[in-house]
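Got a structure for you, written out below as structure tokens; questions coming shortly.
Chains: A, B, C, D and E, in written order; residue numbering restarts at 1 for each.
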Amino acid sequence: MKKQDILTPIGLILAVGLILFGSMQGDTSLSIFFDPASIAITIGGSFAAVLITFSSEDLKKLFKIIKLSFTSSNIYKMDLVDQFKELSRKVRKDGVLTIEDEVSEIEDDFLRRGLELVIDGMDVETINEILELEMLEVENSYDKGSRIFKVWGTYAPAFGMIGTLIGLIQMLADMGTPDVIASGMSKALITTFYGALLSNIVLNPIGFNIQNKGQKEIDYREMMLCGITSIQNGDSTRIIEEKLITFLNTEEKLKYYDRVVEDKDGDRDAA
Amino acid sequence: MKKQDILTPIGLILAVGLILFGSMQGDTSLSIFFDPASIAITIGGSFAAVLITFSSEDLKKLFKIIKLSFTSSNIYKMDLVDQFKELSRKVRKDGVLTIEDEVSEIEDDFLRRGLELVIDGMDVETINEILELEMLEVENSYDKGSRIFKVWGTYAPAFGMIGTLIGLIQMLADMGTPDVIASGMSKALITTFYGALLSNIVLNPIGFNIQNKGQKEIDYREMMLCGITSIQNGDSTRIIEEKLITFLNTEEKLKYYDRVVEDKDGDRDAA
Amino acid sequence: MKKQDILTPIGLILAVGLILFGSMQGDTSLSIFFDPASIAITIGGSFAAVLITFSSEDLKKLFKIIKLSFTSSNIYKMDLVDQFKELSRKVRKDGVLTIEDEVSEIEDDFLRRGLELVIDGMDVETINEILELEMLEVENSYDKGSRIFKVWGTYAPAFGMIGTLIGLIQMLADMGTPDVIASGMSKALITTFYGALLSNIVLNPIGFNIQNKGQKEIDYREMMLCGITSIQNGDSTRIIEEKLITFLNTEEKLKYYDRVVEDKDGDRDAA
Amino acid sequence: MKKQDILTPIGLILAVGLILFGSMQGDTSLSIFFDPASIAITIGGSFAAVLITFSSEDLKKLFKIIKLSFTSSNIYKMDLVDQFKELSRKVRKDGVLTIEDEVSEIEDDFLRRGLELVIDGMDVETINEILELEMLEVENSYDKGSRIFKVWGTYAPAFGMIGTLIGLIQMLADMGTPDVIASGMSKALITTFYGALLSNIVLNPIGFNIQNKGQKEIDYREMMLCGITSIQNGDSTRIIEEKLITFLNTEEKLKYYDRVVEDKDGDRDAA
Amino acid sequence: MKKQDILTPIGLILAVGLILFGSMQGDTSLSIFFDPASIAITIGGSFAAVLITFSSEDLKKLFKIIKLSFTSSNIYKMDLVDQFKELSRKVRKDGVLTIEDEVSEIEDDFLRRGLELVIDGMDVETINEILELEMLEVENSYDKGSRIFKVWGTYAPAFGMIGTLIGLIQMLADMGTPDVIASGMSKALITTFYGALLSNIVLNPIGFNIQNKGQKEIDYREMMLCGITSIQNGDSTRIIEEKLITFLNTEEKLKYYDRVVEDKDGDRDAA
């Protein structure tokens, strides 16, 4: 979970850059797009609505979640297949206790904990139950994080519209020359602009980003769970391999088969 | 269920304050934003639609639900783990009747009732069935409360638009000088403004707030149910602990492990 | 199923009254809001789309469904608990045939039919299968009724917009003085106004009203099914009570416990 | 599947008629609503998007699906109950082979095929599996047909808006007198008008119509499946009747009970 | 997976052609619809938001997915029925090893792998588990591809609106003569136009196209899985045929029955 996810900053910089580029077209200065009161209404107001919606416990995780959207997992599924094949071979040869040292060095919490339960000799149903509860907890955690951003992403344009309505009502109530109207209208539209930017450049993309990462995380966990139960069940190395490679996508499968093309026959004999 | 949820009033005050701040920008007085007839159409009209939608039985709970959104649960999951470990130890040592006094003092209705059923010696399927029906009832109750606010939150902007249409039709039907038009237009937009405020500051945030609290409540209940069935099944203290800590999120787990780091070996021996 | 649901007419009268009150503000007469051709397009057009969408068999039920939204069920869950406790006591004491007379007088079709199947000595799986099919049929019937109104509620604003487009296109094609434009625009907006009223005051609220009543109905049926299978299974009176009170919400539970506080110990002995 | 569904043409004619009536109000001729280029953009463009979305295999069924929305099923559930009671009596009396001739004359493919499998002596799980796969295929077929129209129904207003944007951009880029602007605007709005008509009078109603017919079809199939498995299981005529009448709605049940009120006792004796 | 899907290019060309045709109506030149800065904001900005939303791993598949939407599967369900009947006959006559050569020549990866597992003598549960995991992986892969386009399809109009807001704010802030306003407005609308085009001609249709192809793919896989497990279970050739033809739609069934009308009796005897 430590690799930098460079696409998130690239996307943010690109989007902001393009909007700035677009805003600099024409004769008007960029300063007409900056209005502190509009920022207060759009960003502040929508954040206030988020405060009402979620609990302090959920919001404390906000920064951690933002950080998550800038990193990506460093787990490779192909390495997982190899790791499980290795573990399975040892367990089938010399029993489950021989992998104790190896397991204690595994970095991933979920995988290590699952294998420790196998070594402790717990029955397969209890292990399954415990690990599935754990997966559910991980899923909930990503879901909640993703939902904060998505809900915020629906409040932001709404507060943008509220700000625009405030501006329009004021402008129409106290009307001067057409020039004044136009300039008032221009200011009124700025909150809608802020709401659209906030929602479409930051909040929704990050909300979906975290949702996607959560799905990937769950995917890894399911692959690990499949491997752990297979080892506990005493499946042959070949069956473990067959089961785990189904979690690879087509390219990964091709790469995997290329790599193990000579090992495979050996495996089959050993199984 | 007694702790004050300070985020709800903070969010409300912040949102209203920012909108007021935004409305005071410019030369117009705040009074142009106040129009009793518009309040009647937007708030009254959308509430009338809510009256048609829900039954009197559901609406009676309205105030109770509003109160719910200003409080938060005082259950801590870590304490639940400790409590169940304690109970499990006693039950495994001296039988289920030794916890009778302790159970009768538990404040939470669901937990107490579940453990009383265990003490009464009911079989595990019946306990499960009864407690799951109870959970379903809790879930329905929060769902219904949350839905009232969300449905109201969709009616409010609709009635805002109806009010604006009334204003526009009147204004266009009987047109005077441009000044009069503009002022009529300003008034017409006020109902849309009220609808947007009501929906985005009060109704939707509170609707989601209650939905989130319902999910948290169900989460606690599931953890309790897991503990109760484990005790009934006679699981070892260690397995109960393993199962229950899966309900903790990552930070809670770290805290929990820090706290019990020296107890743990003791537990393992005892189990 | 006979009690009057007074909230539906109250809500309708309140909503219409507030809209009328809002429309009478200003100097224009109410007559500007009345336009027969607009009514034909909005109400007639959207109803024509409903005719295409649903079958004649479904539409025949339309009036029955409208009537449903003005009545509410007169089943009280607490009375159901008492009724089942009573039945269970008799069955456990003197056998299932002793309740035959009592059952034949039960007003609710579902409950009577279920208990008749028990008396006829059918096995528990067949009873379950038959009653669940029956529940599904009830659920479908409410769902269909609710859907007709909701679908109509999406057509109505669409036809309102179609009418407004017709008006706008005509007005812009043949433009006169600004006064004429404004008055044409006012008329054009009337269909949108009708569409919004129809959808938000009548169709959507009644659609949701029926959906909610269907859920309540299913809730009663599930409680009855739970009681019927418990009696068939020969559960003790106490277990039947424990199971059924989980269907009560918190207030009902408190009331129930207050009422039976002295009976309860007696029950426990009898069980 | 041969009866004419008269509601579909009635609804179409009514909707088109009302729109024409609305369009003839005012002094403008109907010809202003006709613009070939707008038809090309709205209908042609949205159909082109449908071509990209679906496969040729799916689109070949388009005409068949349109035809479906003008017909309705001629299966009556009450007759099905009678038919199954009749079949059950024969099978229980003289064995399954006695119904062979009768079965070969059944018009409905699904029912005939299911009963042929029973006569062939296949076991109940295989029959269930085969018939459920068949039902799934029917469900998919209606779903796909309904989805083509609904997806088209979302493209049509989008292409209407694209056409309006083209008109607006042209008009504003090359501006003349206000009269010219208004007339250009009128033309620009025509594509939006076409999009709204197409979507709300034709595409969405027919899409939902087919979805509803699919549900009804599945409902009949489920009733048939229930009867077929009951016969295969050797259920008594009374149990088959009890099971099948749960598929009737309230009115049908009342009619059914009225009709068989004297037969019933006879049945019960025979069972 | 190699056949050309001609509908995708036809639809694209038709849609673009109709839009061009519509844009050439009137006196304005086509060049007013081309604005590089607007393209940068709408296409570039929405693509930047896509970069934030998805991982590099997902985006790498983008071109492969685009290619998928221009091809269609060359699997025919009727041929699959024949293939399985052939295989089943051989297996039932001379055992599972006789089909080894035939299987190794099957082009489709899923089918070959499944049958290889049968030949290897794996038990039916393991085969089912492995093949269902594989299907899930295929489903996920199409889902992800389809989601990239659909999410992009929601960003595109949003960035179109952002561009229009930029244009409007600039125009209103620095207002000149009505002519200048109109021309500014015309430019402002161009980004909305681009957003609508991109979303409705390219992104949404291709997103749904891929989703439909994924469903078709899964459908084939389910048919193959059904055949593979039937062979492994040793079902008779007739039962395999009965099961597999349920996957055909009505026309395919009619064609199939026409073709095998004389073979069928022979089959039945052999079974």
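In this section, a residue touches a chain if its C-beta (ideal position, glycine included) is under 8 Å from a C-beta of that chain, and two chains touch if they have at least 3 such contacts.
Small disclaimer: the values here were computed from a predicted structure and weren't measured.
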{"item": "Set of chains whose contacts include both subunit D and subunit A", "value": "E"}
{"item": "Rigid-body rotation angle, subunit E and subunit B, from Cα fit (steps of 5°)", "value": "145"}
{"item": "Centre-of-Cα separation between subunit E and subunit A, whole angstrom", "value": "25"}
{"item": "Whole-Å gap separating subunit C and subunit E, where each centre is the average of the chain's CA atoms", "value": "40"}
{"item": "Of all residues in subunit B, the ones touching two or more other chains", "value": "none"}
{"item": "Ordered ring members, subunit A first, subunit B second", "value": "A, B, C, D, E"}
{"item": "Parts of subunit A lying in touch with subunit B, wherever the complex brings them together", "value": "37-38, 40-41, 44-45, 47-56, 58-59, 117, 122, 126, 129-130, 133-134, 136-137, 140-141, 151, 155, 158-159, 161-163, 165-166, 168-175"}
{"item": "Of all residues in subunit B, those that touch subunit A in their complex", "value": "5-8, 10-12, 14-15, 18-19, 21-23, 25-28, 32-33, 69, 72, 178-179, 182-183, 185-186, 189-190, 192-193, 196-197, 199-201, 204-206, 208-209, 212-213, 216, 219, 226, 239, 242-243, 246-250"}
